[in-house]
């Protein structure tokens, strides 16, 4: 199913890698990150969502809560990610013309950023939308997962082009 | 950042939902699912990957293992998903022209399918590619996460169009 | 705060205990369990719930989903409990005259029962109701957690008196 | 089993809820919380506990350790709870005239309180008492789970009436 | 601290590895595994254990329960391990002349064995003995972790030499 | 398999134990810990490792990542351990004359040390080496797990004899 994969030579990597980057010396400061993603719905899945007759319940509510809970599991899933004490999280899951839109904002006071926590929240919320609607269609697609903005940290603030 | 979200009336849903669908009466049979996804790399991220000088280690190896481990966390992340005893998993993470390609196949003998396990493996692997390369670029995008094929179960086999 | 606790002599216990009971020889059969519990709400907490103005969101929806997810964490919490592949779960959280009523039914096909899974779902749902409303009152009480009914297994069916 | 549940209109809730409350701006200060609960034992369960012949081992010891471990799982179970670095925990499980009494005290230095951690410790300990004795009786009941006292935080100290 | 490490050429490995071995086609049969390990105690640690005055509590009881609970976390820790529904577990932790002896037996009915579950139980129990006594000595050593015996599965029964 | 175990009288322990030691009053300071362990390989296991033909993949790479991930699970496994926000981790897994050598260094800024996190990383990495090679030999042994050095904290720095 894949083309002829070109895997870079692992021996290029420095001895002793991979490792969890040392952030012991960095100050704990306020950091935020916002990420988004889309769940593209074929017509049958969209109809099931709009009709409100989905046999497992409301996909948007489940996804919102799953995304909030998922942000707390980031360090379990991302192998080299530091465990971060999330101090606030907000996940919006709305039905738009183009599909289900997921936007997550995560906040912390920590020595490292929360981009991965926001992206994990978006991803987990999207997987839950998929799970809730997969009986209606097998052609659902999760797409466009990206960082919209971040603040705090030595690399400074960031805003995605056009945001 | 979102448009005017249109949330369907929750009151449409039947009383007592959401719930975890009852599969107690279904037979445990062999089931497989294959899913894919893409991590789009801006030039700096691609250069860091190809140069093999990434300060955290090799993204493809980390992603492959994280995806395998992630498939076992599906029921923790997808709130209404049944816990499934995965009996085999295979995650390929390769560098292609269009970006990093993730393909995951999961197998089980269970009363319900493993689509969510395959999709979770792809998603978690993709998040790990992102994490490994995020120091090189903040414009990485995870996209095209979809089911390629499934076998087993009463809904029969499925193959995505063109696969 | 406690009275004079009377702890039984530990040395009465047989050598080698505690242990996880061996159920290897038991057949995997259909088993169900239903449990209930109550969250007693002081007037301010009840008012916050009924007004729908709770700053964290709707307690009943959150509790229902948390209970469903919680049933899958039973073996993590109950140290000597066997891990069980839950095949169905249903958690109802309703506001009644006497408080918030939680009723959970869990199903499995396994060599041992799911009483603890149903009780864990009730308990976790109740803790989430508490958490959602604790800003309104510190005098909320979780109470009356008990098994209502079970079916399957060699100990036979059970129905609580008056149920 | 339940009466005619009266669920408040979800549409009362503000857009975008539920969410994890933002405590980023709050100072990390010393906070403690003490909670209690009771496990009511029918005569056969009490006899099994007092005789020390329970086939799975000593319920009080298992419950005490499970409660301590459970306090660390709070953010996994309570969907909108912040992850908190618990800095001390103490769980007492004693046999009293009225049943098994569980009292848990949890401490932290954090921007938010540990009421939920203390209540989770009590609840998990109680579930473990239940599990250890359920072979002796199916009519065990967990009851009276409430906050006894808390210190620290902007909402000030609290002590339950009569404590 | 290490000598000149000799890492084998990763490129020797077949494309697409690592992977979780496919056991979908294997029958679910009864399997058991017994493993052991030792915790060597310097005199101060042994004295603290024998005096029963350890400030955190009894190391042997805590270790026994932690080992039982740990056997259920195997698939979380061992990345390519299949999740197994453990149907029985027994962990003995005793003080001997040579140190603390940990022996764990795990049983399942599954398509693959439980050697890793028994070894994980031993390892986790040993880490808990260490943690309970580390205030008394920093020179505790965990050693001699090995498989004593296994039964079931196509590779047949095994018994360590001299056991 | 065990000799006549001599379990110390539990009644020696002070009332209310075990407990998670209160470190609320201790300052958060930089702390590091380094631990090591060995996996002894019988000839067939060593040959499989050196030939690079192991059917599950490369044991050293898997072990390194599993150890890094494992360090984040310490508080889940060690019942009375405080949850610690690890700020850096480094796990080396190399093939030496005497076997596979695992060395883990963990860093944090916290009120308590990370000895258990470093030891858990070593242990989990070792279990993964075992799992990857267990098809080649059932006589693999994990041994010599000990603390090499620690810095920070009121008990001062430590270096194992001869390190």
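The chains carry the letters A, B, C, D, E and F, assigned in the order they are written, with residues numbered from 1 in each.
What we mean here is this: contacts are C-beta pairs under 8 Å (C-beta built on N, C-alpha and C of every residue); 3 or more make two chains touch, one makes a residue touch a chain.
As the structure is a prediction and not an experimental result, all values here were calculated from the model.
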Worksheet entry | Label of the chain whose CA centroid is most distant from the centroid of subunit A | E
Practice prompt. For copies subunit A and subunit F, work out whether under half or over half of the interface numbers are shared, and give different or same accordingly.
Written response: different
Worksheet item: Using the average of all C-alpha atoms in each chain as its centre, how far is it in Å between subunit D and subunit E?
Response: 31
Worksheet item: When the C-alpha atoms of subunit C and subunit F are each averaged to a single point, how far apart are the two points in Å?
Response: 35
Practice prompt. Could you list which residues of subunit B touch at least two other chains?
Written response: 9-11, 18-21, 61-62, 65-66, 69, 76, 79-80, 85, 92
Practice prompt. In the complex, go through subunit C and note every residue touching subunit B.
Written response: 30, 32, 64-65, 68-69, 71-72, 85-92, 107-109
Worksheet item: Tell me, which parts of subunit C touch subunit E in their complex?
Response: 16, 18-25, 75-76, 79-80, 82-85, 110-112
Worksheet item: Which residues of subunit F touch subunit E in the complex?
Response: 1-3, 5-14, 17-21, 34, 36-37, 49-58, 60-62, 65-66, 69-70, 73, 76-81, 92, 94-97, 101, 103, 115-116, 119-120, 123-124, 126-128, 130-132, 134, 138-148, 150, 158, 160-161, 163
Item to complete: Would you tell me which residues of subunit B are touching subunit F in their complex?
Response: 61-62, 65-66, 69
